[in-house]
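Below you'll find the structures, each written out as structure tokens.
Across the two complexes that follow, chain A remains constant while its partner is chain B and subsequently chain C.
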Partner chain A sequence: MREEVREFIFKNFLFDDSGDSLDDNDSFLEKGIIDSTGMLELVAFLEEKFGVRIEDEELVPENLDSVARLVDFITRKKVPS
Partner chain B sequence: MCGIAGIHNFRGTKTESLEAVSRMLSAIFHRGPDGFGAFYDREVCLGHARLSIIDLSGGAQPMSNEDGSVWITFNGEIFNFEELRAGLEARGHRFRTRSDTEVIVHLYEDYGAGCLKHLNGQFAFAVWDSVKKELFIARDRLGIRPLFYAERSGSFYFASEAKALFATGALERRLDPAALDEIFTFWHTVAPRTSFEGVHELPAGHYLVLKAGTLSRHKYWELEFPEEFSNISFEDAMDELKALLVDSTRLQLRADVPVGAYLSGGLDSSVTTALIKNYTGSKLQTFSVAFEDENYDESPFQKEMAKALGTEHNEIRCTYGDICDSFQKVVWHAEKPILRTAPSPLFLLAGLVRQTGFKVVLTGEGADEVLGGYDIFKEAKIREFWARMPESNLRPLLLKKLYPYLPAFQGQSRFYREAFFNNGLNDASDAFFSHRPRWEMTSKNKMFFSEGLKSAIAASSPESMMKLTLPAAFKSWPVVARAQYIETRGLLSGYILSSQGDRMAMGNSIEGRFPFLDHRVVEFAATLPLHYKIRGINEKYILKKCMAPHLPERIVKRTKQPYLAPDSKSFFKDGQAADYVEELLSERKIAEYGYFNPKPVSLLLNKCRKGTAIGFKDNMALVGILSTQVLHRQFVEKFDCSGELPEGVLKIVNDNRSVLLCVKK
Partner chain C sequence: MLVDKLLTHSAERRPTGIALVQGEARVSYGELCDKAIRMASALGELGIRRGERVAIALENSIEYLIAHFGVLMSGGVSVPIYHNTPAASFAKIAADCAPSAVIARPKFRGDIIKFGEEPAQARYIIAGPVADTEKESGCVSFEECLRSSGVPNTGVRSTDDLATIIYTSGTTGDPKGVMLSHRNLSANTRSIVKYLELTASDSVMVVLPFYYSYGNSVLLSHVMQGATLVADNRFMYPNKVLEAIAAERVTGFAGVPSTFAILCHRSSFKNMSFPALRYMTQAGGAMPHEMAFELLKVVPHAKIYIMYGQTEASARLSYLPPQDIYRKSGSVGTAIPGVTLEVLDENGHSVKPGETGEIVASGDNIMTGYWGKPAETEAVLRSGKLHTGDMATVDEDGYIYIMSRKTEMIKSGAHRIAPREIEEVLLKSSSVFEAAVVGRPDAILGEAICAFVVLKDGATATAQELLRLCHDNLPPYKMPKEIFFIKFLPKTENMKVKKADLKKILQTSDEVEK
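Presenting the complex of A and B:
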């Protein structure tokens, strides 16, 4: 999952496929990687790729603002509660 | 409207000089296909390509004063020429024609550079005073008509478009790296910089004097906001604004050919159209762009307005394919990288106007800058309000009221919206506080710049270039006035009136006229208290109030829509880009031209092929990179401006005989 998320971020926001310019804990916001519409692209990708549904109130940096947080968030979502 | 060109101190024979000027005119044939003239003396050669609008039989140019000592080549309109003429005749000047051109010649004789403050109009012209041996070149206050110039090996060249300068063969053709830096920040270059190294643009409200081998540039007009805004009552301000708009519309309808109007479906062009119908009694034809993509289409509002005013309405329907197919021509005319495709439909619209038999259209351009229509003004107001209490939870909620027409913007979570507008929030005294979020967003696409381009621009900064152009009082103005200044002096002349305006219209031999940009309207609006223009976050409030009686309620109450056209989507069909797009964005061509990094561009191209490039940033990147590549191909790699001017039509005016010159192709 981590690799898929990283690949998406690199190809769609960084336009770079070398894979070495972003640490898993780097904040997308602080690094200016994802803008307002980027957020929508990201959510669409997560929903399609991992079969989850993301609610509006889940659109917060705690869930989405780094590769590590995204992986955590999706992992939690995929575990049926 | 017309195209002008000229050379001072040409190193060559008379024939060579005239041939060079005829090549220049050939390159801008589209600006004036109705007639061609040239004036020659030992020091200077002036050329003119004419689109005849006033005094169809007598207005040929270049034109002189009574004794042939002062000559002019002029592009544009002087709307108050009849009033000026009366004064000049009273002072003993004799007129040979009924044209506005001749008025400038005599005014210049009387006042020199001081003639400019008498002119109400849109103009770029050159006057040669053969007694003083002085070349005087001026451009209108707001930059409606273009003027480019260059110096090489002791010779001075000027023309309405840069391509005419290159047509002389005397200049190298290179894109200026700093221009790309500026365009990928502001969407325009900061005049006098242009896209091309060594080619300068005369900034709006400036003139040049070339005398004894020395070139000097002077500012004669500036957009100034007062230290204290006027204490005029709202009712009086409404009456005065309306009276000024009625008068500017009346003046701008002066022409010896029929005048049409654009109708976008929004407030501003509805106002100009209503003014024509209600106050001048002119029979009117209106013109609109409708879009295949309904997200951009405003045709129901256009039709409603046309019906309400009883105009004869014409419409062109713009498809994705139309935008793609016209894009290379659009860049050829714009002579600049563009970050949006919005100029393309306007180019097609001007084509429709031409086919319908019109040469002149009035539009609503300028109202947003002058009367506070853009969301960036409201955005600045809200951000400043928020900056005064950054810990407030409620103040930033106002941001959601902005950009109601952008689904992606409306769909984002509060946190991300606030993170975007928080940019630069800690310093409301920052000169560019209002524009910080927009410019930083646009600048992100510099990540596509090649290492070579990045190192070429490392020492300069677009913002510091723009700071140099600001008037001294700028710092003391309120945030919204500063934002209005930046929009008017920057984007309006650098993009809206040029890439989207003059070039697209003149590309089809059409002249645009702009009642909101009459300098009396601009100057009056600048004195008004800001809340007359934007009340709370209700934009162009005073305009809506004073024009409401003449407009359908639905038009006045309508949420403002910015003019947009489909961007990256236009270039792709079934996951495949048009041939020229694939080629120019290929890793090979990107590497060959050297402005961008091939790999990231190919990833962007992939994203666009899949149709997932939905944001502003990606769309600006694609259109910006593609237009830069097109520009390089057309102006640097191969340059072909021949073939427009028919052979043997140039008339030499000063020795009173028609010399038919062959244009060398």
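Presenting the complex of A and C:
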């Protein structure tokens, strides 16, 4: 999952093949790499790719603001409660 | 009136009133004014003289306000630009207006140096850590500037002096600098304050960047009244901004159509209440009127102002009075105070109700021209009137309805973008033979940028490679969302690309290879 998320971000926002320019814990907000419409694209990708429904109230930095947080969030969503 | 007087007058009237809130940080009008004067003094000590340009590449922040008003107080011309502008894009702006100084974060300067795009002889004022080696190469720290205690010596200034140059996408491929004088900006600010009925007790949530004409008008109109700006740069997480609106008991909110689309469709807006919210303003392109009605369901007590303007008009040209939002839905209203709007046919006569013509504007808010571009200026400014290129119709009551654009300009995320600018970047690739860029209707952005590319015989290039090229040369809002490879571009007998045909192809995009 981590690799797929990273690939999407590199392909759509960073346009960089090296993979060095983003650490898993880097904040998207602080790095300024994704804007508000980019975040909608990222959320749509996560929903489609991993078969989860992300609610409006879940669109917060605690869930989405780094590769590590994203992976953790989606992993938790996929576990049936 | 000089634009910086908006700040000094508010500081005299309300020295302890809060000018800007950002997270936990707050700055009063008295403190902001004092720091801006110090910045002006420091700029004078650095040799910046009346009429010289100072580029400001900062995100919405206290530093931005200090820099902007400091430049104006020094007699200089502020040139606000996107704080993450790629080096190649900045180089075009720097080559055009030759800034004497650049006020930026350390990363911005680092990127410019890395790409070898430093403007000649510009001094750097760095808002952030400055290494000793950088000081040796002429960098000055922002903090150090604020320790300057001199008095700005600007000589006699005039309201006809240039105050700000705001860059917009140019039809020739290079960005055009819209020259706005102190008179232009203060006249427009006065009108906006009047129709929005702004007072010192207002506070506005600012998610729009100050470097953008609409963001600049929100900034100036609230500073004029000594009102409070609440800046929040986290709109990618709209719920955080909504929480701040509620917590700060914000009375106003300014957005573009994509802002409101996100609020209505991908945030907790509908489940929250905002009793303090008095007004919401929308500009930057056509918003479906149903969306205004959706907003009113959540904040029925708020006034919704649908507005229209252009950077060339300092920002604002017309507004729809809130009480007319249902009666005149789809209209951008009538001219704001101090502005005259005409809708003229090809012969320069006013159109009859129902007929379509071009919106032509006059008033003290109309720009003085494009920096260093007399031909482009003459193309839109004739007899002191701005020919907007926006085609519209009027009804019997004089309300204006925008129908289309005369030019090929794409309107994406509220930015007017010239396809040529993107096409020229794509043509930098040694594999690209021809490129044509068009807009595709998009629910959030208004239009999404799509590029059609014809490769040279035997050449290869992937969409990813071309997107990378665009990323290195264009700010994010000018990035194509999709690149299509096509064998040839449809053309007229005069070899002009038939962009309408390309738009049709987008509707059946199986015909092209992504």
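As a working rule, the second predicted complex is superposed on the first by the 81 of 81 C-alpha atoms of A that agree within 3 Å, B and C clash if a C-alpha of one lies under 4 Å from a C-alpha of the other, contacts with A are read in each partner's own complex, and residues count from 1 in each chain.
Criterion: a residue touches a chain if its C-beta (ideal position, glycine included) is under 8 Å from a C-beta of that chain, and two chains touch if they have at least 3 such contacts.
As the structure is a prediction and not an experimental result, all values here were calculated from the model.
Student: With both complexes overlaid on chain A, does A:Ser27 touch chain B (first), chain C (second), both or neither?
Tutor: After superposing on A, A:Ser27 lies clear of both chain B and chain C.
Student: Going by the contact rule set out at the top, does A:Asp56 touch chain B (first), chain C (second), both, or neither?
Tutor: In the superposed model, A:Asp56 contacts both chain B and chain C.
Student: Just to be sure I read the superposition right, which of the two partners does A:Lys11 touch: chain B = first, chain C = second, or both, or neither?
Tutor: both
Student: Is A:Thr37 touching anything from chain B or chain C once the two structures are fitted on A? First, second, both or neither.
Tutor: A:Thr37 contacts both chain B and chain C.
Student: Return the residues of chain A at which the contacts from chain B and from chain C coincide.
Tutor: Comparing the two interfaces on chain A, one with chain B and one with chain C, the shared residues are 11, 14-16, 29, 32, 35-40, 56, 59-61.
Student: Which of the residues in chain C come into contact with chain A in the complex?
Tutor: Residues 59, 83-84, 233-240, 258-259, 262, 266-268, 271, 413, 444-445, 464, 467-468, 470-472, 476-477 of chain C touch chain A in their complex.
Student: Which bits of chain A are touching chain C when the two form their complex?
Tutor: 11, 14-16, 28-29, 32, 34-40, 43, 56-57, 59-61, 64-65
Student: If you look only at chain B, which of its residues touch chain A in the complex?
Tutor: Against chain A, chain B makes touches at 408-409, 411-413, 415-417, 419-420, 440-441, 444, 447-448, 599-601, 603-604, 606-607, 612, 614-617.
Student: What residues on chain A touch chain B, complex-wise?
Tutor: Touching chain B: residues 11-12, 14-17, 29, 32, 35-41, 44, 56, 59-61 of chain A.
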